[in-house]
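Per-chain numbering from 1; labels A, B and C assigned in written order.
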Amino acid sequence: MRKPFLWATVAFMLIPLYVLTVNAFKDQQDILANPFGLGGLTLEPLGRALTNPQFNVVKGYAVTLLFVVSVNLLSVVLAAPAAYVIARSPKRRFRVLMLFFLAGTFIPGQVLVIPVVYVLKTLGLMGTIRGFVLFETVLTLPFSIFLYAGYIATVPAVLDQAAAVDGAGRLRTFWQIVFPLMRPAVATMVILNTFSVWNDFVNPQIILGPGSGLYTVTTGVYAAVSQYSTDYTVVFPTLLLAIAPLLVFFVFMQRHIISGLTAGATKG
Amino acid sequence: MRSPRPIHALTAIGGLLLLAGCGGGGFAGGSQAQQSEGGQVTVRMLVNITPNLTQAYWDGLVKPFEQANPGIDVKIEAPTGKGVADTLPQQLAAGNAPDVVETLTADETLSKQMLDLTDQPWAKDTPLVKEASLNGRVYTVGVGVQAQSLVFYNKATFDKAGIDRPPTTLDEFDTVMGKLKAAGTLPLQTGGEFLTGLQLLQLSSPSRAQAHPTWQQDIKAGKLKAGESLLPFLERYLTWIDKGYVDKNALGMKYADAETAFLSGKSAMYVMGSWFTAAEAKAKKDFEVGVFPAPVDKGLRYPGPQGATMAAPYMILKSTPQKDAAVKLVRWLVTDPAAVKSQLKQDGNFRSGVEREFTPLEKQVQEILDTAPSGVPQGEGYGDATLPKSFNAAWNTEVQGLYVGKSPKEVAEGVDRWLAGRK
Amino acid sequence: MTLTREAPLVTTPVVRRKPRTRDGWVTAIMVAPATVLYIVMLIVPVGLALYLSLTDWDGFSANPAFVGAANYVNLLDDPELRRAALVTLLVAAAGTAGLNLLGLGFALLVNGVSRANTFFRIVLFYPHVLSALVVGFLWSAILGTTGAVNNLVTTWGGEVLPFLSDPTWATITMIAVLVWAGFGVNVVLYLAGLQAVPHSLIEAARIDGATRLQVFRNVTLPALGPSVTVNIVLSLVTLLKTYDLVVSLTAGGPAGQTQTVAYLILWNSFHDARLGFGSAQSVLLMLVTAALAFVVTRLRRRGELAVHQ
């Protein structure tokens, strides 16, 4: 009873992915006449998408990868120590700080679109990679700090005290003793942040702007496909190219998602 | 296990510094136009990107200009938001507005940011320049004209239904649709997104322009109510839905789906602007497509005035530091014969007096344009005949209401309520 | 969260002064970078949005005029906003219910270590990896009037199903797609919660002769309390911001019936050149989101306490 139900669910869940994959290998007539069918598969549309002069897919991957790595690094370096202080301190002001960070999750992205432009402009960071990476990192902070703090709370404080007795300062105690134990939570956040940076559509467009000539895979795909596109032999293969690496990354990393959430999200 | 940990942290911080460093060196100036580099000036042009007008097309278009003007480098920029209309405000806010913007026409808000081109002698002979001017000032110049009020039809379906000549009045239009329906074809292709409202504007323009020649101005002055004045069209449209002349599920189709459906023979007629000819020319199909000007109300002149919009409108930002180069570029874009021809062909647009290689369908559209008594602003309009921004979108939302149970009267009132709220 | 007064913050003992200041300095180093960046890039922009909401800025002009609360007054009788608010609340309520019922249900079904369960989890979660724009495009290609499903239906001689063309259907379709795309996240969050349920408790209950349902109701569910709260708040907050999927799945149609508040904000701000008004809508959305999240947390906390008594 359980297994058949689950398999039926699997079939349902995979329909869109199937439609995307199959139609990336068909010509326009086949897509229109028989969107679910498997007839007449060809590699030609995918080849054209890969060599699309409007959008260099390989460069898009490289730019996206740069962003993903930078944001993840910066996010960990900023969020982990802050979360440690919050988790370990009994003081009310740090509990307030936690709430202050959590409030960030209530802010709809639409509120920020224009004001952020002004802030970045004032800082001289508008249209720069630094500005984009910093802002994207800040967007990851609320949930990261929340998850890390929850995770650190499960790490026995005796460990810190032992290190303190050995004469280690707070910074060293954190990076040397506690941080290594946080690996599952960090892995989880890295994976989740990777998804959001990869898929972010609005912020790279606005902050990097058209003048930069920098496209992430996601923004590049939409620039190439355009909202009026009727040519499905362009749309389907380009979309497939945009999501395939992320799906592969997910399949290999998925087991790390749960392990980090286990302690972090339930104890917040 | 314990000793190497600080190194991890250090590498992380190192990476961070590295990142900050490389950002500062390499990209800080990335979005600001590099102004003078050995006498070279860069003109940044924000353009519309569509399946017809690709980035590659634009790059190729301006190449001859760059060759003829070695001191000027033209940088094509694709919109980043949903379109140029979204991108320009963002860029203005960000302080990195382009020098030239294509696609938009000046209204009262935009014109404050744009360079006044009234005194440029070459601007006087560009298409629709007078119609698009604002209080007598020219801010927008275009390459050609888009005819809006066209009905494309599938000749095979007309033959099958025994229709020997296209309808000229809206009553005849109804009769023709009845015959097509009886012959087993969906008479009129409509769709969701912005298409629903656009098509009704296109279809109604020739009649409306005869009844109310200064429609937009009258509405702005409070002499006329937009929804009320179009009520007969809304009532007629509802009968089409009821009789099955249009697909009652059309709102579940995107613009692209609708175009594809017509081009694959699933419907008999498709109301659309002249740019559709470019898509038609590319499509593989086993039937011939014809075109006729939108039919008019009984007793009115046929063909009536064409809903006409400026094709490839250009404006120059007032803030540009490259004023001379920008003016030179725009002048070239709208007057150079080769550049004009190329742009007209690429997006299926027209300009009287400019002959280019026409497909049979394009030839018919050019004839329709030449015989139309005038070209009139449509919907939101342009120049002095401009309604509040987003009128077309609000109109579209309301017209779609006909499909979901609203009465024509409610729709008309909805439109007028929207306009009243924008005063 | 309650503001009952404990020891005032200032009364830290003066005795161990030296080590504390050094410690305080280190603590500052650890907290300050994140906090400062967060304030500069998130809180300051929100403040700016608040300011803009009090102006008539169109997004172009250099000097927007201060109009006081006019935008907020206009919000009250804006029929578009009223409709969008209704849609948004409906999406948030129905979506939260769907996400959590499916999330918890499937978490129970795929709990436990096995290859098959790993596979199931991957498949349930993967839509979250896709951007909402891709999800919307694919589902509209499947469910649209000329989409894949209707293609099959009509070849078999059936009537077209109005998934996206009838307002009621389109709203349901949108909620269903949101749930489809998101419940994998809830599965994972609930799975994480389930790992924290003490095994000994369940076994003890079993030995006492409790049925599966009884064990779930009396042991598992109470132990999952905090998980349920996190899940509900997270779903609610995410769904109230629904934007991308509206753009890619329905474009707000038919007849504007699936426009959400977030969709309206962007529309007003850019297409309509009423950035001040759009900002007021943003501020309203933010306040409502925060208030709802707060209320839910409080209600849940009370519920949890009741369970424990």
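Heads up, the rule we're going with is that contacts are C-beta pairs under 8 Å (C-beta built on N, C-alpha and C of every residue); 3 or more make two chains touch, one makes a residue touch a chain.
Quantities reported herein were computed from a predicted structural model and do not represent experimental measurements.
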Centroid-based (C-alpha) most distant chain relative to chain A: B
Inter-chain pair with the most contacting C-beta pairs: A-C
Whole-Å gap between the CA centroids of chain B and chain C: 36
Centre-of-Cα separation between chain C and chain A, whole angstrom: 16
Where chain B touches two or more other chains, by residue: 81-82, 90, 93, 260
Contacts with two or more other chains, residues of chain C listed in rising order: 59, 147, 275
Where chain A touches two or more other chains, by residue: 113-114, 118
Complex contact set, residues of chain A against chain C: 2-3, 5-6, 9-10, 13-17, 19-20, 23, 34-36, 78-79, 81-82, 84-86, 89, 91-94, 97, 99, 101, 103-116, 118-119, 123, 134-135, 137-139, 141-142, 145, 169-171, 174, 195, 198-199, 201, 218, 222, 235, 239, 242-243, 246-247, 250-251, 254-255, 257-258, 261-268
Interfacial residue positions of chain B with respect to chain A in the complex: 1-2, 5-6, 8-9, 12-13, 15-16, 19-20, 23-24, 26-28, 30-33, 44, 46, 49-51, 54-56, 75, 77-83, 87, 90-91, 93-96, 98, 255-256, 259-260, 264, 279, 284
Parts of chain A lying in touch with chain B, wherever the complex brings them together: 29, 32, 53-54, 70, 73-74, 76-77, 113-114, 117-118, 120-121, 124, 126-130, 133, 172, 175-176, 179-180, 205-206, 208-214, 219, 223, 226-231
Contact footprint of chain B on chain C as seen in their complex: 58-61, 78-79, 140, 143-147, 160, 162-167, 170, 247, 251-257, 267, 270-273, 275
Of all residues in chain C, those that touch chain A in their complex: 1, 6, 9, 23, 26-27, 29-31, 33-35, 37-38, 40-42, 44-49, 52, 59, 106, 109-110, 116, 118-135, 137-139, 141-142, 147-148, 151-152, 180, 188-189, 191-193, 195-196, 226-227, 230, 237, 240-241, 243-244, 262, 265-266, 269, 275, 278-279, 282-283, 285-286, 289-290, 293
